[in-house]
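Structure, as structure tokens:
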Amino acid sequence: MSGNTFGTLFRITTWGESHGPAVGVVVDGCPAGLVLDSSDIQKELDRRRPGQSDITTPRKEEDKAEILSGIFSGKTTGAPISILVRNYDVDSSKYEALRDTPRPGHADLTYREKYGFRDWRGGGRSSARETIGRVAAGAIAKKILGMNGIEVFGHVVELGGIRANSIDIENIHNNTEKNPIRCADPDAALQMEAMIHAARGQGDSVGGIVEVISIGVPAGVGEPVFDKLSAQLAKGLMSIGAVKGVEIGLGFKSSIIKGSQMNDPLAMKDGKPKPLTNNAGGILGGISNGEPIVCRIAVKPTPSISKEQRTVDLSSMTDTRIKITGRHDPSIPPRIVPVAEAMIALVLVDMMMRGGFLETSIMDRL
Amino acid sequence: MSGNTFGTLFRITTWGESHGPAVGVVVDGCPAGLVLDSSDIQKELDRRRPGQSDITTPRKEEDKAEILSGIFSGKTTGAPISILVRNYDVDSSKYEALRDTPRPGHADLTYREKYGFRDWRGGGRSSARETIGRVAAGAIAKKILGMNGIEVFGHVVELGGIRANSIDIENIHNNTEKNPIRCADPDAALQMEAMIHAARGQGDSVGGIVEVISIGVPAGVGEPVFDKLSAQLAKGLMSIGAVKGVEIGLGFKSSIIKGSQMNDPLAMKDGKPKPLTNNAGGILGGISNGEPIVCRIAVKPTPSISKEQRTVDLSSMTDTRIKITGRHDPSIPPRIVPVAEAMIALVLVDMMMRGGFLETSIMDRL
Amino acid sequence: MSGNTFGTLFRITTWGESHGPAVGVVVDGCPAGLVLDSSDIQKELDRRRPGQSDITTPRKEEDKAEILSGIFSGKTTGAPISILVRNYDVDSSKYEALRDTPRPGHADLTYREKYGFRDWRGGGRSSARETIGRVAAGAIAKKILGMNGIEVFGHVVELGGIRANSIDIENIHNNTEKNPIRCADPDAALQMEAMIHAARGQGDSVGGIVEVISIGVPAGVGEPVFDKLSAQLAKGLMSIGAVKGVEIGLGFKSSIIKGSQMNDPLAMKDGKPKPLTNNAGGILGGISNGEPIVCRIAVKPTPSISKEQRTVDLSSMTDTRIKITGRHDPSIPPRIVPVAEAMIALVLVDMMMRGGFLETSIMDRL
Amino acid sequence: MSGNTFGTLFRITTWGESHGPAVGVVVDGCPAGLVLDSSDIQKELDRRRPGQSDITTPRKEEDKAEILSGIFSGKTTGAPISILVRNYDVDSSKYEALRDTPRPGHADLTYREKYGFRDWRGGGRSSARETIGRVAAGAIAKKILGMNGIEVFGHVVELGGIRANSIDIENIHNNTEKNPIRCADPDAALQMEAMIHAARGQGDSVGGIVEVISIGVPAGVGEPVFDKLSAQLAKGLMSIGAVKGVEIGLGFKSSIIKGSQMNDPLAMKDGKPKPLTNNAGGILGGISNGEPIVCRIAVKPTPSISKEQRTVDLSSMTDTRIKITGRHDPSIPPRIVPVAEAMIALVLVDMMMRGGFLETSIMDRL
């Protein structure tokens, strides 16, 4: 397996399995002089970690971040930042029954095809615990962005087919983190929560759509052609487990409207040319235009369901059936929000460094 | 501008502007011993080039590929393959009027923000002519894939809101290239064509959805975590101009169904475990599972429209209006098909090389 | 600081400071199925660690490797392997006196120029402890090479101006690790040891030349032009602290002989064309030719010396003088041997993977 | 063959064979706004091209650079710059005799091992004509450096065992380009020229040592650990054909002196801490310190010699002998000077961009 590194100048490398001793990340390319301690990282890990409500997995993990390098006297030194999170509540007992029966919708069979055998304990490297490294690194990226007036925040816009109502940014700010769904529309949030309970009651699961908005990104970020800002975001978001679609701005809706409806008209505003609408989602020709960058991801329903499913027994090579009883989230979108934010923050910092918008060696402007 | 290179082991670098002397590509990492001549490349360039029907731009370009390196005695040598396509029908006259009035929906303003000034002739580097290098390189990738029993083919599944009817692979093979829309449903194709003419008549344009299917990809391709096959495909596809969304398998539809509906059940077939359905679109955990890989992209309507639009005059910094009269396609989906196929073929060859499925130095099996 | 990652397919990322809590490495791209435990890594760390004799630093570190990921049931899974080594014998007291007086020959001033401030405790990231990650990762690379019949071993050929006598490979194998100098000529080793003691007695230090030989590398490894095997080796070796020169084969000596003396004549041997001599050092045109690959590095004398030296006081910006009294090696060459071997092993595995000589996903041949 | 791309942010991709239709380079990452035309590139190509004196190959090539993209209105646009140089004086007749008899000291056999067959015409991709792309791209890098007060210049310090006398920078500037050897010591240059003629008369060849000095590089350039400035330079220089050794500062000489002699003492000068000597060659801990960066390369004697040599006949797999009669340089050092300068300039621009010393998108300071 290669491909555990993401980014060019601001670059992260993650490691660790669900049921191994620990998971972690090395962040390389963080400039020197950033005031940073583990609380900056903990804040985001706490948003990601399980056990925040009854709609998440019952696995109990404090997910405490230990910073092992790159900080001196409370500031980053420019050296790589190694962050470690120990796994404590490891219980592989439920998984032993599954070692020869690949779970439909999971990576069990594909890992086996690729590597010959696999770490069957809790999904191994394909577990959602892999995202801890992303979120820890993303917390640093978010801090850098925040110091430059950029905010990245996500919310659930659809879950199990229920859509959140017309939501403005004010609302998203105020309401999203107030409910376990991370939905800015409180009424919809209640329905979504009920929907999750109902699905779980039926031994089933539901998916949804998460939107992430980045405000304050200056115009000019992104490298045209292959490293378009939109292309880097698409890669970062599609690399999150359970994501089956990515769209920018109007996305798939743009395919059914006319050019005259899609194009954002331009007009002078405060002495600068500005688009009057934001159908483009803040990116044109792969380069940011200064408007909010709007990304949405389609999150499939959790593949782990207790409903009986057809599968095969790889020891006897015969058909069989399974009911999955390990611990898992009945719906991923609420917990994927901080992960998606992290990936977007990582892309933004990296591409802003590449474009000369952020210092790479020393944060002398702080 | 960095970012004109794509791929790790099978790697392409494209260059060239719409109204410059030429466009081209350097393909690095093609193994030695591949029988190749310019006709292999011309075949795909001919599918991409304008002037194939009255629904494309009237610009006349033969798009003749000249191979300048990497071939000896009719075979690749392992050295980089440089391919050049001269621009002939360059007419910048229509663009001079637009040099200070950025076209809504285009990259005019973002390029200016990023680079201080821009090549206003025909879109410069942000023109669709940039895709010639992708298609030329993709032709080589497709040839390599074809020799390994892998086929990559695309078709228009929706245009201007009109959907193609239930299409099986047989149909797609037989019908897609028979109409200028590249739609496998001949009736829908006629309606789509009429829709394009109607939109153009109104000085407007339409977008659509293109699907690309890859058949024969072995199980095990893709690097989990950041370089998932799905993530690499998403980057490659989202890097094509006018693409605003990417989905794999059921994509956004997966967000509204239950886990029990989404998961592809497994069963033994011909002595091997196989999914009974393909909602995953051939990829699980970022790794191919041997089923057809199904990608769809949302293509926005052509931003160049003759309808009057609001914009700004950058010389006087005042509001103004424009009607765009340059040559352009009224609808991009039909011509984006070979470009999307090329990007997918490039990703597949690169990821298959990384996973050890394809030789990197010498095609000794030929 | 970016640049803490090395390699393309077999890729390592190191982190950690001399006086921080730990140092470590993440190895990405190791194929699944390799039998591996911490003893494989410990073996090489023990060759590198201090305290093996009285010619090394008195710092006491067990340098115990803890593997945190990527292993299951005694075998690699294909997932990244995270290795952690805690720092125990940290004593920063001696360094406090040096925080404002940059040590000549060290990176103190250049780090300060680049990052604005620096971790002055024991050299921080520029300490030789940074090489622990290299050696730990190199141990895995060496194991993979060993299974493919390739051996990489180094020895000190010159130290403080004293040269080892005519050494054949048999001798190097048998004698090198028997003396603390790692010199295959036992008589020279004794003189070198005396030379180190004498230099230390004068508050001074000595450098030397280390040679590393790689036996069994098949012909055809290396990518011509920029990623020549020789170029990758040069980068890897020159990236080790204290290395000021790299040469392959006859190296600098090749500049003073004639072409007819330099060229290795070819002749048939056992049915294959073979060079009769190895002036090229196993590489021609950047590609291995099947002969032993011979690299030599020039190692400067330890910059930390107790002799008085001129420097500046950065707090008062005046001239001053220092005597360095921290713990350090009086001569680096003996301890750099396993580091140089590691870098070469890492390059070989990576380039052999790129050339298709080693599996990237699964070691099915084991 | 992969590996035809060099650099991270300022990145070049070269292509082309000695006896193919053309050679060239794509330069990606050049910022917009640089005044550039083909004369900037021609100037350096003219220094590299053959036929400047009777000590170079008699091959007649004008090496005229054609810029195909990336320039508009006399300035770079930020888009990739594609440069093409046609091959005219192609004469493969002499090489046909050599197609089955690999030339000792050349890459003939290693290419064959790697790629199964090879382009035997004039060395194909392993020919010195491959360096045209490097020099063309290096000319752009040099122009950028020059605008930032940085100069990179090389000279021959040793040839065929003859050393140039004590040379100061003034002398190098004034004298180097005045003689065909590119030696700053005019007396030594005459002896070297005689040495070349003598060697050629004997059907033999000579090598030498080239030194390149970079003046004006600010302190702080280079990424510690693997991407040290010294490591990147070593890779770039060792990637040039015929180079067998690289050293920085005192290089191999540093291995025989004491620490107290090697360390450059520091003292205040004009209000800044400065080293009093430059044994380090301008780099400490992989980071530039503001002093001249001094690199030296060992260049082996031209492997093509007319003296009879032992080789093998690959068609009959028997021993044989050859005399090489194609066109070639009897001594490479004089012509390698601009190539080495180019590689160093490319490394400096790339690493300065990575460290934030140079703009990546727009040269707004011009």
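To keep things simple, chains are lettered A, B, C and D as they appear, and every chain counts its residues starting from 1.
In the analysis below, contacts are C-beta pairs under 8 Å (C-beta built on N, C-alpha and C of every residue); 3 or more make two chains touch, one makes a residue touch a chain.
None of the values given here were measured: they were computed from a predicted structure.
With centres defined by CA atoms alone, the chain at the far end from chain C is B.
Chain A and chain D have CA centres that are 45 Å apart. The distance from the centre of chain C to the centre of chain D, each centre being the mean of the chain's C-alpha atoms, comes to 27 Å.
Mean C-alpha positions place chain A and chain C at a centre distance of 38 Å. Counting only residues that touch two or more partner chains, chain B has 1-5, 9, 14, 79, 111, 114, 125, 220, 224, 354-355, 360-362.
Shown here, the protein chains touch in all possible pairs. Against chain D, the residues of chain C that register as touching in their complex are 1-6, 14, 102, 104-107, 109-111, 113-114, 125-126, 130, 158, 160-161, 199, 203-209, 219-220, 222-228, 230-239, 241, 243-260, 262-268, 271, 273, 275-276, 280-281, 283-290, 298-305, 307, 309-312, 314, 317-319, 354-355.
Within the complex formed with chain C, the residues of chain B that make contact are 8-9, 79, 220, 224, 354-356, 359-362.
Within the complex formed with chain D, the chain B residues making contact are 1-5, 9-11, 13-17, 20-24, 26, 28-29, 31-33, 68-70, 72, 75, 77-82, 84, 111, 114-119, 121, 124-125, 360-362, 364.
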